[in-house]
Amino acid sequence: MALLEVRNLDAGYGKGPDILKGISLEVEAGKSYCIIGPNGAGKSTLLKVISGLLHPRSGEVAFRDVPFDRPRPDQVLAEGICFVPQDQAVFAEMSVKENLTIGAYLERNRSVIKGRMERVFELFPILAERASLDAGKLSGGQQQMLALGRALMIDPEVMLLDEPSLGLAPQIADQIFSTIQELEEQGITIVMVEQNAVRGLELADWGVVLDLGIVRFEGPADTILEDPRIRELYLGKAVTTEEAT
Amino acid sequence: MIEDRAAADGSEPDVIDVIAAPKGPSRSRWVVVAILLLVLLLLPLGRPILGPYNYIILLITNALMWTALSSSWNILGGYAGYISLGHAVFFGLGGYVAAVPLYYSGVSPFLTAVVGGLAAMALGFVTGLITLRTRGPAFIISTIALLFVFLLVFENSEYLGGTAGLPLPVVPLPQDWLKAPFFYAMLLAAVGSIALSYKVAHSKFGLGLRAIAEDETKAEVAGVPTRFYKILAFALSAFWVGFAGAMWGYSLSFVRPTLFFTVAISAQMVLMAIIGGRGTVAGPVVGAVLIVAVNEFSISQFGSSEINIVIAGVLLVTVLLFFPLGIVGTLRKKGWLPAFLDWD
Amino acid sequence: MTEIVQVVIFGFLLGGVYALFASGLTLAFGVMRIVNLAHAVFIVAAAYAVFFAFENFGIDPLVSIVFIMPVAFVLGVGIYVLFFGRIEGSPRYVEMTVLLTFGIAIMIEGLLGWRFTGIFRQAKPAYLTDAFFVGDFLFPTGQVYAALLSFVLLIGLWAFLRYTRTGYGIRATMQNRSAAQLVGVNVRRVSAISFGISAALAGASGAMMSYLFPFFPFRHWQWIALLLALVVLGGMGSLKGAVIGALVLGVASSLVVDQIGAAWGPMAFYGALFAILLVRPRGLFGKEVAA
C-alpha cells in the first residue's frame, strides 16, 4: 500500500484554469521521488495541494489510505508531511535557533526539541556556528539548509521539497543534494520538485514528468534519465554527469 | 521504454466557450433616462399639482446631491479600489470657496461653485502626489488625516469664521422659488457626475483603473501609468463634490466646519456606493436614492439620528459580508439586472 | 529651559499612554493585516464601561483594567470569528477590513450614542487632580499612573510574544504567514487570539481614557485619525515602531500645544504622517509595503 496517494486531482488558483488535470500518483514509504517538467506544468502546485496550502477542485490526497478533507496546512504537518517551499521558507527576523525552535512548534516536549536541534546542528555544522544570527542574514545556501533543518525538527515521515537547489551555486547544490540523500537513507520519504532535472533524477528512486498538468511519463529514475525522448524534450541536449566532467 | 501518456490521450484541448455576444446599446435605457430627466426638469415648476411641495423638492434635491457625491467617490473608490474616507474634505472646501467670496464681497455662489469644484480638484491632485505613492492602507489613513487637518484649520481661523462658521445671505429670490435653483444645481451635479463616471468607465483610463484595483503590480508591469492614473482619478472624484458643497452651503445659508468637514458625510458616500454597487455606473445612484429613502423613513419612525447610524453600519457590514458586489453588482451576477441600470 | 523640560515630561507621559492605545491597532495589522478603524470606538466603549463602573459602584478606573481586559478579549475573539472569519483569504483583503471595521465602528458609535447620548463624560477619581513634584518639575499623578501601567502592560505584551508558545506562533504569523502554517501554526486560531489581545489592549486603554480624556461617542474618529497616523509613522505592524512613534509624537504634540496653542496638538500627528509618507512611506520600522 502506498504511503501517500494522489487520486485524480484537479487543481487551480482562484478562478483561473485547471493547472493540474486528473493527476494520480503513488508514493511509497522510504523512497525518493523527483518531479520534473517545464515551467507552469504544475509541479509546485502539486506540492501545495498535498501540503494543504491549496485545496483541489476534484480528486483527493490520501495518507495511509485515509483521504484528507480540505485540511489546513498545520493538520497535514501533524500527520508527518512537511513542506519546504521554494522561497520564503525561513523567518528572516528570527535567529537560526528561533527558526529551528519554531520548526518544532507542534512538539511540546522540551528535551525532544533539544535533541532534534542537536541532530540538525550535526547535519549542518555551519548552522551551529551561526545559531544566533538572524536568518535573513544567511547566504542563500545556508538559508536552504536552515529550511531543511527546520523541516527536520518535526521528525517528518514525508518531506516535500520545492526546488531545493534553486539559485544555489553548484557546490552548495551538491551539498544540499547529498544531505537529501542522507535523509532518504535515514528512512524519510522524499518528494522533490527539481528544475535541475539531471541531478534530481540521479538522486531519486522514481521519476515523474509533469507536463501541461498531467503526468506524462513516470518510471524508475534512471530509466527516465536514459530515455532518449525524455532527454530530448526535458533534459535539453544535455548531458549525463559523465559527459560533463 | 516509458509510455508517453499525452500521445495516448489524443483529446483536443477544450474549446473555449464564446462569451455571450455583447449586447448592443439598449435603446430602452436611453428612453427611460430621457423621461426621467424631463420629469426632473419640470418638477419645480409643478407647484400647484404637488402636495407638500417644499418637502418633495428638498428630498429630491438631497437625493440628487448624494448621487453626485457617491458617483464621484466611486471613481477612485469603486473603479480603482482606493478607499477615500476623508472625501468630505472636498465637500467642505467647495462650500467655503463659495461662501467666503459671498460673505466678504457678495459674489454669488452660483458663479463660484465651479471654482469650488476646481479647488477641490486641485487639492485632490496635490494630496494625491504625496499620498498615492504607496499602495496599501497608508492612503486611506491619509484621507482621514486630511479631513481632520482641514477641520482643525477651519475651526481655528478667524477669517473663516472659526467654529461658528460664516452666516450667509439668503438667495435673492421670492419665497416660493427659494429652493428651485438648488434643485437645478444638484441636478446638474448629479447628471455631471454620472456622465463623468460613465465616460471614465468606458475609457482606456477606466480600464487602467480597474487593472489597478485587481492587481496593481501586474498593472504596473503591463505598462499602466499607475501613479498618474490614481492621482487623476482622485482629482476627478473631487470636482462635483466640491461643486455640491458650494451649493449646499448656500442653500443652508451658512457654512460651519463641523457640518462640512465631518466623517459622517464621507461615511454616507462610501455607504451609498458600496450598497449600490461599487465599480458600477448605476450602483452609486441606486445606493444614494436608497439610503436617502431609508434615512427619511427611519427619521420619521425613530426620530433620533443615532439609530440611523446603527442601521447604516449594519447595512454596510451586511452588504460587505454577504453581497460584496452591492445591489447592482449582485443583480448583474444573477442576470436579473434591468436594462436601465446596466451602464457598464 | 525649565518650561521646555516640563513640557517634554508631559509629552512623555502622554506618549506612554498613546503607545498603549496604538499597540492593539498595530498588532492587528501586523498579525492579520487588519486595519481596524473600530479600534478607537472599542476604546471609547471600554471607557464608558469603566466610567459607569466608577460612577455607580465606585470601582477605580485603573483597577477596572483587571476586569475589562478579559471581557474585551472574549469580545474581540467573538468579533473576529463573526466578521473576519468569513473574509479570510479573499482578494483585496486589507481593503475589506477597512470597510468592514468602518461599518463596525459606525454601528458601535450609534449604539453608544443612543444609549449614552452625546454629553461629555469623564471619570474623576482623586488622582485626576493630584500631582507631585520631582525637583522643579510637576508630575500629574493620574497621568503618571497611566503611563506606568501602560509601560507594564507593554512589557507584558513583549514578554508574552517573546517567551510563550502562542507568542511564538503570533510572531511567526506576523513575519511570514505561509511559513507559519507550514510549521504547524494554526493561523486562524492565532489570528482570533491576536484580535482578542488587541481588544484587551483597547480595553485597558479605555480605562485610562475614562479619566484622562473627556469622551463622547463621536470622539473616536479624532482618536482613530491620531492613532492611525501614529501607526503609519512607526511602521504598520511594528510594535517597536508604535511605542517609539507614540513617545516622539507625544513630546512633539506637547511642544506644539505649549508653543502654538492647545487646539493644534493633533497637527503634530498629521504633519508627521504626511512627512513620513513623503520621505519613507513604510514608516520608521515598517517592512516594505506589499500590495
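As written, the chain order gives the labels A, B and C, with residue 1 at the start of each chain.
Keep this in mind: a residue touches a chain if its C-beta (ideal position, glycine included) is under 8 Å from a C-beta of that chain, and two chains touch if they have at least 3 such contacts.
Keep in mind that what you see is a predicted model, and the values were worked out from it rather than measured.
Chemist: Of the chains shown, whose Cα centre falls closest to the middle of all protein Cα atoms?
Modeler: Taking the mean of C-alpha atoms per chain, the most central one is C.
Chemist: With contacts defined as at the top, give the pair, A-C or B-C, that has more of them.
Modeler: B-C
Chemist: Looking at C-alpha means, what's the farthest chain from chain B?
Modeler: Comparing chain centres, A lies farthest from chain B.
Chemist: Based only on mean CA positions, could you tell me how far chain A sits from chain B in angstrom?
Modeler: Averaging C-alpha atoms per chain gives centres 51 Å apart.
Chemist: Suppose each chain is reduced to the average of its Cα coordinates; what separation in Å results between chain A and chain C?
Modeler: About 42 Å, centre to centre.
Chemist: In whole angstrom, how far does the Cα centroid of chain B sit from the Cα centroid of chain C?
Modeler: For chain B versus chain C, the centre distance works out to 32 Å.
Chemist: Residues of chain C that contact two or more other chains, please.
Modeler: Where chain C meets two or more other chains at a single residue, that happens at 91.
Chemist: Where on chain A is chain C touching in the complex?
Modeler: 14, 51-53, 72-74, 77-78, 82-85, 88-94, 98, 101-103, 105-106, 150, 154
Chemist: Show which residues of chain B lie in contact with chain C when the two form their complex.
Modeler: 81, 83, 85, 130-131, 133-138, 140-142, 144-149, 152, 155-156, 213-217, 263, 267, 270, 274, 304, 306-314, 316-317, 320-321, 324
Chemist: Using the touch definition from the top, list the residues of chain A that touch chain B in their complex.
Modeler: Where chain A meets chain B, its residues are 211-212, 214-219, 223-224, 227, 229-230.
Chemist: For the complex, give me every residue of chain C touching chain B.
Modeler: My answer: residues 29, 35, 37, 83, 86-87, 91-92, 94-96, 98-100, 102-111, 113-114, 221-222, 224-225, 228-229, 231-232, 236, 261, 263-264, 266-267, 269-270, 273-274, 277-278, 281-282, 289-291.
Chemist: In the complex of these two chains, what residues of chain B are touching chain A?
Modeler: 1-6, 9
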